[in-house]
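Each of the next two complexes has chain A plus one other chain: chain B in the first, chain C in the second.
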Partner chain A sequence: MTKFIIRRVIQALPVIWLITVVSFLLMQQAPGGPQAVFNQNPHITPEQVDAWLQRWCLVRNADILQTIQEYLGWLGVYNCTGGGFLSSQGLPNFLPAFLGGGTNGVIHGDFGFSISSGQPVLSLIAQRLPATAILMGTAWILWVVIATLAGVLAAVKRYSLIDQVITILSYVFYSLPTFWLGLILIFIFGVELRLFPAQGIINVRTSPAPFGTDAYWHALFANPWPQLVDIGQHLVLPVTTLIAVSVAGDSRFVRSAMLESLSQDYVRTARAKGLPGRTVIFRHAFRNALLPIVTNIALEIAFLFGGAIATETVFSYPGMGLLFYDGVNERDYFLLMGILLIASLFIVFMNLVADVLYVMVDPRIKYD
Partner chain B sequence: MSEPGVPPPEDVLLEVRGLRTEFRVLDGIVPAVDGVDFSLRRGETLGLVGESGSGKSVTSLSIMRLIERPGAIVGGEIWFEGRDLLKLSEGDMEDIRGNEITMIFQEPMTSLNPVFTVGEQIAESVRLHRHASKKDAWDRAIEMLKLVGIPSPERRVKQYPHEMSGGMRQRVVIAMALACDPKLIIADEPTTALDVTIQAQILELMKRIQAESGAAMLLITHDLAVVAETVQRIAVMYAGKIVESGAVEETLLHPQHPYTEGLLTSIPSRVARGQRLNVIKGTVPNPFRLPKGCKFEPRCPYSFEPCKDNDPPLESIGNDRKVRCWLHGLPEHALPVTVAAGTTPGGAS
Partner chain C sequence: MALPDMQSPSALQLGGPGDGAGTEDVEVALESLSQWQLAWRRFKLHRLAAVGLCIFGFMVLMAIFGPILDPYDPIFIPNAHVPGGDPPSLAHLFGTDDVGRDVFAMVVNGARISVTIGVFSMLIAGIVGVLVGAVAGYVGGLVDNVLMRIVDVFFAIPFLFVILVASRFFGQGQLIPLILIFGLLSWPLISRLVRAMFLSLREADFVEAARAVGVSDFRITFRHILPSALGPVIVAMTLIMASNIVLEAFVSFLGFGLTEDQTSWGNALSNAQTVLSQGNWWWAFFPGMAIALTVLAINFIGDGLRDALDPRSRL
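Now for the complex of A and B:
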């Protein structure tokens, strides 16, 4: 098992590297660039723009070679401050700093600075991480629980009224675009009915301090309830938006996995043993239906990441998704690369978790 | 057969009376079991024989009350130990299943749950019905594995089904069926899915454990050779009805129903090399359009006028034998005469 995990981690490295290459190249292909903010400003000359870009190791209208140089600069293999592939100490730049290599680039642990705000990328992400973790964690738990319950219920009561209702609802929600659902929920529950807040993560008027600051965390730990209720209320609409599609799709998936498992011979064997219906369904049938469900759920966490960008934007929720959306608008290459790298690390990690979980729930599978 | 609603005598363990099980599907109603009667005395073995679709398995699942939608038991009585199983609550039925009546299924590859060890699966019914502790149930599982001839049971008990061969798994299924000392074992094609050499071993094992435990056994099969070796009495099913029953040797040596005769003459080993194999012409009738009279009439070589419009009753012909055929109501067309002129029913193999 340990050997399997080590092998998978080593296999993941080229995957992550390729993700960074593709994301960087695609991003560079998008029209405009971080310098576009100066386009309408008559007081800034092209020379000044070039000098400003130089500071970020970027070139205006980069050709393919320059783009590769920019990428290698972000990666840490290229030293854009004049050394080329050599560090300021005259040794290959990719070596660790203590061996005479450079200090720039992700391989040296330097995610760079956000172009638009000038702050270190990592600290920007760290500020936004708790909000996204709260949103995605809540969404993920509710998603799994609701999809599983609905799917199992629909399978056990196959072709009954409740099955039909679940089926129709899941088709409806599965067909809804995330951003549109978010807007409609804001309109109905936020604006018309005023049941739930439609913006942000906390109520800025009643909160003791802005979310994410040290003062806020102190207040939260000192007196958790009002803060948690506040966050909970703010989560209702974004979480609903985020998971509606996944719950709808996965309840169908759970239903079919459960139906397949219920039709197996060993379920009949369990019934022939005299086990009560509940034990047959949950101990024998559900335990087997879990095998595909577990993998699916661990893998679809990537889906939440994508959904979080649209959802956080629609709800002005101060998480990484909104940060990413703003970064795209500003062409904030280094910020985007930082978020993409962290997201892909997380997704690759969840893939590994899925594989490990699979071994744990299915005794027939062995990794060596 | 006793009056409806009256329990059978004490020595009869199981008596099925007029059992009817239907499947309501989109195209209509399939009467899979259409008025089946038979009885089984304590410690007796009965072979229920018939081709695919004749209703044997549905009969066995009906006795266990394991028929699922769209199927339903629509009529009849199933007397077991002085109680009509069809009148019991689901909870009472759960106490009987796996405890007093157990089942051995056809497919050892799929009838065990892949995610539990065989020990857990055997111990499960012991814990359920005997209220045994975890430890006692586990010991019982080891004991049962030893009984069904699995070597090093202490090691095997911790294995998962996929770590065992087909024959081993069927032994596990048998161990599971025996763990609570049942009074009746229903074996539904227990050897069909196995290699021929393993089949013989499993049959031998089933005969041994049946004799040792004293449980009655209902053996469902399409294999006459299996029946000839294993059971005391035989009942032949065709299109949801029993067409002939009696002691196994008598019935196989002197079949009284044209269908039984056809089954016997179509066994390849009974035909000399180079000789044409006898087959029953035609196919099993479409369950949606069953013949009006005798269900076997369209395929029957002896068919005559009364067969077309009237379904014959299952009549006792003495010597504990019953047959559902008009030939026995009309002596001038008596079957043995016709048989003597045509094919030669030989001895059972």
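Now for the complex of A and C:
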């Protein structure tokens, strides 16, 4: 098993490297270059821009070699403050700082500074991470539970009224654009019925401090219930929006996996033995249908990321998706590169988890 | 080159006129239908697919003729208008928006751009995906490895993030760059499918036979293997078209897509967020319904195609 995991990690390395190249090139090729945003700011002198550019190995109108240098500087292999591939201590720059390597670049945890806010990219992302984790975690759990229940129910009661209803609903929801569903939900439940709040993650007027600050976390731990209820109310509409489309797609998937499993010989044998229907369905059919379902669950986390950006922008929910949207608006290159890289690494990791789970769940697969 | 055609079952041929020599005439008399004719027959029997085809056909007709027949100009802003827009009425079927533009005209004209983006980005994705997948699957080895790692990267980077960045920086306000962006970012799914089919079909008997009589690699790829792999590819292409129509709407909704004077369904939605709080639901409802209906229709068609093109399903 360890061997399998190690081999899988080694396979992922070129992909991770390519991801850094793509993240960098996407930003590098953008018109104007990273310094373009400074041109509109009268308070920044050209000298300051030059100093800033040099800090990141950036050159105006870079040729191919200089572009590679910029990339290596961003990556952390190249020392931008003189010294080339060697750090200020004369050792290879890519080594960790405590071994005498450099401190710049993403491999040393330095994602640069956000151009629009001046804060380090990593701390900006860290501030937004809890909100996104809450949203995506809740959505993920509900998604898996609802999709599985609906799919199994539809498969067991095949061609019944309930199967038809689930099928029609999943067709309809699968076709709805996520962001439009969010708009309509805001209109119905937020504006007309006033049942749920439609914006943000907490009620700004009643909360003790802005979300994500230390003061807020202290208040949350001191007296959790009012804050948790507040967050819960704010989550209803975004989570519904986020999972409606995916649940629709996945319940179809579970249904077909379950139908496949129900038509197998061992299910007929179990029935012939006189086992109760419930046992046949859950111990025999469902356990074998789980295999494709489990891997699918881990894989579609990538899909949630895409949905999160749509949901968060529509609901002004202060997560990473909204941060990314703001970054695109402000042309905040380092922020965008940072989020792209971190989100992609997370997805690569989840793919790995899916592969390992697949091998672990299915006893028929031999790994060595 | 008649021999390989006889080797591969006539079922796998595209069955156009002038396709195949005299041998096929005998077969036609016996079997009477090619695989594609059978697929079409199965497709017609799929009720949902027929509904989908009707809706989608209607959308295409609307995209072509709608703007000619419709009395209103979608970007015409009248001098006098009701603040907040008129609710739906006989004069304005879907109401008007805050500056007095007719929402019905926006929906009708929006079909043009949304359907164009969907169809052409699908074609680009299909062509690139098939080429990459075919090369990777047929050549194999290092080429396959490199191409598939690139595909892995596409699957790892959150699609929507890249779409947003690319639309904002490279495509903003222009139709053709947007089509290229959507098309060139959505092919990896197809190339994975095609590669998998090629890997399994590469060793199939009819390919071996074709190779044995000296058919060129190019011809084997496109004449012998590809037709067998086409079913899943076509289904995947319908999915891509549906998702790209939604994506264009989202990108335009965020303001990174087309400009105000180019009406698409997403653009019609772009100012809906701020005004929904005033209770003017018709701004957001009708363009969104147009998107949802189109996507639903395409999904129905995709489902029908999946059943029809599956050679295991029989009439």
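Keep in mind that, in the parts below, the second predicted complex is superposed on the first by the 298 of 368 C-alpha atoms of A that agree within 3 Å, B and C clash if a C-alpha of one lies under 4 Å from a C-alpha of the other, contacts with A are read in each partner's own complex, and residues count from 1 in each chain.
Simple rule for what comes next: contacts are C-beta pairs under 8 Å (C-beta built on N, C-alpha and C of every residue); 3 or more make two chains touch, one makes a residue touch a chain.
Source: prediction; values computed, not measured.
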item	value
Partners on chain A (chain B, chain C) - clash or fit	fit
Touch count on chain A, higher of chain B and chain C	C
Chain B versus chain C as contact partner of A:Gln264, first or second or both or neither	first
Chain B versus chain C as contact partner of A:Gln28, first or second or both or neither	neither
Cα-centre angle that chain B and chain C span when viewed from chain A, reported as a multiple of 10 degrees	70
Partner chain in contact with A:Trp180 - chain B first, chain C second, else both or neither	second
Partner chain in contact with A:Arg364 - chain B first, chain C second, else both or neither	first
First (chain B), second (chain C), both or neither touched by A:Pro14	second
Contacts of A:Gly274 with chain B and chain C, given as first, second, both or neither	first
Least Cα gap, in Å, left between chain B and chain C after the two complexes are fitted on chain A	12
Chain B and chain C contact sites that coincide on chain A, given as residue numbers	none
Residue ranges of chain C in contact with chain A within the complex	149-150, 152-153, 155-162, 164-166, 168-170, 242, 246, 249-250, 253-254, 256, 269, 272-273, 276-277, 279, 281, 284-285, 288, 291-293, 295-296, 299-300
Of all residues in chain B, those that touch chain A in their complex	64, 66, 90-91, 93-99, 102-103, 105, 107, 110-117, 124-125, 128-129, 160, 162, 173, 176
Touching residues on chain A, where the partner in the complex is chain C	14-15, 18-19, 22-23, 26-27, 29-31, 171-172, 174-180, 183-184, 186-187, 191-192, 302, 305-306, 309-310, 313-314, 324-325, 328-329, 331, 336, 339-340, 343-344, 347-348, 351
Chain A residues within the chain B interface of the complex	264-266, 268-277, 284, 287-288, 291, 361-364
